[in-house]
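Shared chain: chain A. Partners: chain B in the first complex, chain C in the second.
Let's look at the complex of A and B:
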């Protein structure tokens, strides 16, 4: 990737890490001392590692199971159609939907009560914010599985999946065994970085942990965010020390994961030598995979439906399954602020996405015209903003931006969003861009077309679909950002996500519902536009519609 | 320019304040003209949509009357704004600060005032200041035992009241001890917001008033030597109470709206709020059933005032002063007291108002669940701010990292 783009991605992270490390180690290590003296430390550290590792393991295992059981079958298309839209659901909205669903006073309990359960009042059960972080883990799995699955889907064609599976099948291998022995090694190589990103995110998420996670004590990342907000600045040292610890933990967890990879690989090779066909486990595996896909799609879909219903609910007492009345009161009273917040969210998302698109296209075009091959190192750098925990470098970046007067503006938030939007836009766009048939360019060049003319008149129009999809992905990523908006926006830049999370502690389900619905609606609109626009643009060029 | 500086000096000298009414009026006119066109960033807790709507309404009024634009910066905690001003001070930013106005009281005010983070004294410059009931409501000038010295201006009075649903509960327990007995025989039906949340810590202080041998020590700063013995009854009380709480005290609601939502969902039978009108307002909004009523404890409940303060480096000080004054306007105060809007108690002395303004308050229907001023009972003074900090800290060490 060209240096400008690389600098754009690495500079804020490096500066932020430095800005975090300085106060953490400064002042004679007072921050570290206070961090170690905090009685909740062992438990919150254990929570971070535990929820991160378990949720990643589950999400990856289920992703692979779904792929192994269904890749190439008609059922797979259905599962894919069900899960793909969930990718655009912001983390906070997914967490809120889940919370509304599984709480003891949530929709499930309401639907079953009092007929099946006999509950006239909500049961006194610790489901949300449970001390072990189980609901947080569930939320993370539900949100990360679609991501890993779509990343895997992008990788499958590159490793010639169908032919390998067919060969293995003719040798008598069951689907699961065929997948594990012939595809998994190559597939996982491509899934490794996304998996690390999921692990790093799972350990350090703030918005999901604030909504679903334990509170006595919270996870380390959530506690760092609370410390950042404390009145006396001395707690900021502690927060910075915590952020450094969080970074170390993430590195440790990824190393641990690497070790697990090596052992799993050895075990797989050893098993492969015995050549077990394992055809018998195909049915139960397919059943579990289907159940998992259904459960996750269902949980998120019902959770989000519950959010929407609350946004138009009048009085809705337990154990009523439905609100007593449907009213637009919430939308009417909150209308002005909803409109304003949506506008800010859209402006930031559009700005960050356009910049990311321009940079990604420039990089890819440079790569194509200079005949560069993407290196592994460049790919790691691309993933850097997804691998380095946000909570580790954003506090530092905020403390650096403050004296420069750079924080608290829409432009600053847009710039920090770019750091997180760019990798996704690039990843989404690079496949189709590189797959574009270079012979078209050669043909055009022999006809005398310049490099620029080929790009603007041929390549870009033919890639309209992928470019728009990448734009929609970028919009969705920007809309979902919580911590960067909160920290760099200094509380003065409000987006739908920061508002929804801020409200989530207050428990006003109607208003939370309204914000969450908009959080869902904006990315959904972006994706619909990405699908509809090419159809309209190429309404009289039928062959163009199928491209990308 | 010179004249204005002189006037500012004159008005800020307390000795001249008495006979400089004219100068004050001139000073206020210059503030008004300076404020016109300014955008005031009011950092205020944003967790309650009704309060947010009220602040939006204030913004409309400010625009309409004074050409001042009001931006509500919604905070998760007031300390966010304090931290910000502190960071600006440490970064050497002495003007053009991001925070123009803060909704504040208690420990945050004490912290800001002692570190020189506030502008003032300013309250006497406000034309509406004489309407404030300083004598009848001493909490308007004493914030957690700390004299405000004109560095913050009150805008609402609050008192702790308990809420219960008469559909489930007929005779609520009207003392701290009875509450414990009731919770033991009705396990899982009561809880409080997790300290250091403001309301949660207030509950702890209310318990202190109920169980301490001599609650009068609460009016002085914490004395390290005797502290442990003084608060021992609080921990003993909580040790008995916690196993009987909602979720067996393994999780707590995070703040006042979350606690209110638990009552609305029927997860608990008794909740409480720092606002005698909250229950009526929620009933009016259709989010609480109309069978909810309020009660106070025998011997009184804690009450205090909400204030606004202006940071030392506020970029739009004139605009902030205009907003602070507008908040004391009888029309605004009456609207805040309307249970359909906020249900906050006014800080004004109704006797000092004109007949027309007084009528605004008399016309208010306080709502089915609101106790009359007489039934609200005695107001217990807030303990010194150091108590709040200390017990919140100790609570976190004792119960906040549980298992």
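Let's look at the complex of A and C:
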């Protein structure tokens, strides 16, 4: 990738890490002392590591199980259609949906009460914000499984999956064994970076932890955010020390994961030598895979439906399963602020996405015209903003931006969103861009067309679909950003996500519902447009619609 | 017409590592069709890539490529004046038939109506009247092949390279498109170099037939 883009991606991270490290170690280590003196530290560290590792392990295991049981079958297409839209759901909205579903006063309790449970009032159970972080883990699994699954789907054709599975089947292997022994090693090599990103995210998420996670103490990243938000600034050095610790923990966890990878690989090779066909486990495995897919799709779908219902609910008392009346009162009352927040959100998302598209296209075009081959190192750098925990470098970046007067503006938030939007836009666009038929360019060049003309008249128009999809991905990523908006926006730039998370600690379910619905709706609209627009544009061009 | 007009390969050799793929010295006058024949993987297409200027960097070229007495060996593809036909028509799928032809039409044909007239005339000359607004994907195989050739010729190339352009066509269509292509190239008076593994194609071309390493092949 050209230096400008690389700098753009790595510079804010490096500056942020430096800006975090300085106050953490400065002032004679006062921040570190205060951090170590905090009684909640051991538990919050354990929570971060525990929820991160367990949720990643579960999400990866279920992803692989679903692939092993169903890849290439008709059922797989259905599972994929069910899970793919969930990718565009912002983390905060998914967490809120889950919270509305499983809380003691949530939809599940209401459906079962009072007939099955006898509850007339919400029970005094700590289901949400449970001290072990179970609901947080569940939320993370539900949100990360679709991501890993779609990343794996992109990798499968590259490793000749169908023929390998057929070969193994003719040798008498069951589906699960065939997948594990012939595909898993190659597939995992391509899933490694996404998995690390999931792990780093799971350990350090703030918005999901604030909504679903434990409170006394919260996870380390959530506590750092609370310290950063304190008005008197005296906890800044403690927060910085915590951020450094969080980074160390993430590095340790990824290293531990790497060691587990090596042992798993050795074990697989040893087992493969004994050639177990394991055909008997296929049916139970398929059952578990189907159940997991159904559970995750169902949980998120019902959770999000619950959010929408609350936004239009009138009086809705426990234990009624349905509100007494449906009304647009919440939308009407909150209309002006919903509109304003949506506008800010859209402006930031559009700006960051357009900039990311321009940079990604420029990089890819430079790569094509200079005949560069993408290296592994470039890919790691591309993943860097997804691997380095946000909580580790955003506090530093905020403290750097503060004296420069750069924080708290829409432009600054847009710029920091770009750092996270660019990798996703690039990953989404690079496949189709590189797969473009090079003979088109050769044919056009022999017709006398310049490189610029080939790009603008042929390559770009032919890639309309992928470009729009990448744009929708970028919009969804930007709309979902919580911590960058909060930290760089300095609390003065409000987006749907920061508002929804801020409201989540209060009790106004109707308003939370309204914000969360908009949070869902904007990415959904972007994806619908990305699907519909090419169909309309190419209504008279069969090949462009993928027809023969 | 003097001898140095047309396409001249002056000791053109291409090597990949230690392997020599192409060694050709050949002069093709305007209106003449020369043929390079050989099995697949024998370096035929590599020779064409050198002439169009799309040779991948791992190949090494020596010798010169002259077109109408100008050395074009190191010019960028778009400035060489060399047209190319692939095995497939490679029509631009997002443009109409007319849009495909307009893309090739040189900028010196100015004015919308003048350009439209040239395109309609070209289509009519190939028995494709009224197809300008059609989606190229809806054309028959023979129609696509003819549109592809019209597109190549509208760019007014000084030499034409044919990379097995008939091999994907049905037998009955094949002879017809072949005749159409050679007639058009001869009528335009441009040097044509055909690459094929088919003896019938080489016979129909009517010019010299060489292997990629320069041996004259008997038919």
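Methods note: the second predicted complex is superposed on the first by the 546 of 548 C-alpha atoms of A that agree within 3 Å, B and C clash if a C-alpha of one lies under 4 Å from a C-alpha of the other, contacts with A are read in each partner's own complex, and residues count from 1 in each chain.
The rule is short, and it goes like this: a residue touches a chain if its C-beta (ideal position, glycine included) is under 8 Å from a C-beta of that chain, and two chains touch if they have at least 3 such contacts.
Bear in mind that the values here come from a model prediction, so they are computed numbers and not experimental data.
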item: When chain B and chain C are modelled together on chain A, clash or fit; value: fit
item: Chain touching more of chain A, residue-wise (chain B, chain C); value: B
item: Which superposed partner A:373 touches (first chain B, second chain C, both, neither); value: neither
item: First, second, both or neither for A:334, with chain B first and chain C second; value: first
item: Which of chain B and chain C A:439 touches, first, second, both or neither; value: second
item: Which of chain B and chain C A:39 touches, first, second, both or neither; value: first
item: First, second, both or neither for A:494, with chain B first and chain C second; value: first
item: First (chain B), second (chain C), both or neither touched by A:448; value: second
item: Partner chain(s) touched by A:461 [first = chain B, second = chain C, both, neither]; value: second
item: Chain B versus chain C as contact partner of A:543, first or second or both or neither; value: second
item: Chain A-centred angle between chain C and chain B, computed on Cα centres after superposition, in steps of 10 °; value: 140
item: Partner chain in contact with A:170 - chain B first, chain C second, else both or neither; value: neither
item: Minimum Cα separation, chain C to chain B, after superposition on A (Å); value: 49
item: Sites on chain A touched by chain B in the complex; value: 39-40, 43, 104-105, 121-122, 124-126, 128-131, 214-217, 228-233, 236, 314-315, 317-318, 327, 329, 333-334, 336-337, 399, 402-403, 405, 408, 490-492, 494, 499, 502-503, 505-511
item: Touch list for chain C against partner chain A, complex; value: 52-54, 56-57, 76-80, 82-84, 86, 88, 90, 92-94, 96, 103-104, 106, 135-138, 151-152, 155, 157, 161
item: Chain C contact footprint on chain A (complex, rising order); value: 371, 437, 439-440, 442-450, 457-458, 461-462, 464, 538, 540-544, 547-548
item: In the complex, chain B residues that touch chain A; value: 41, 43, 46-49, 52-53, 56, 71, 73-84, 86-88, 90-93, 96, 98, 107-108, 111, 168, 187-188, 194, 246-248, 250-258, 260-262, 264-267, 286-287, 289, 396-397, 399-403
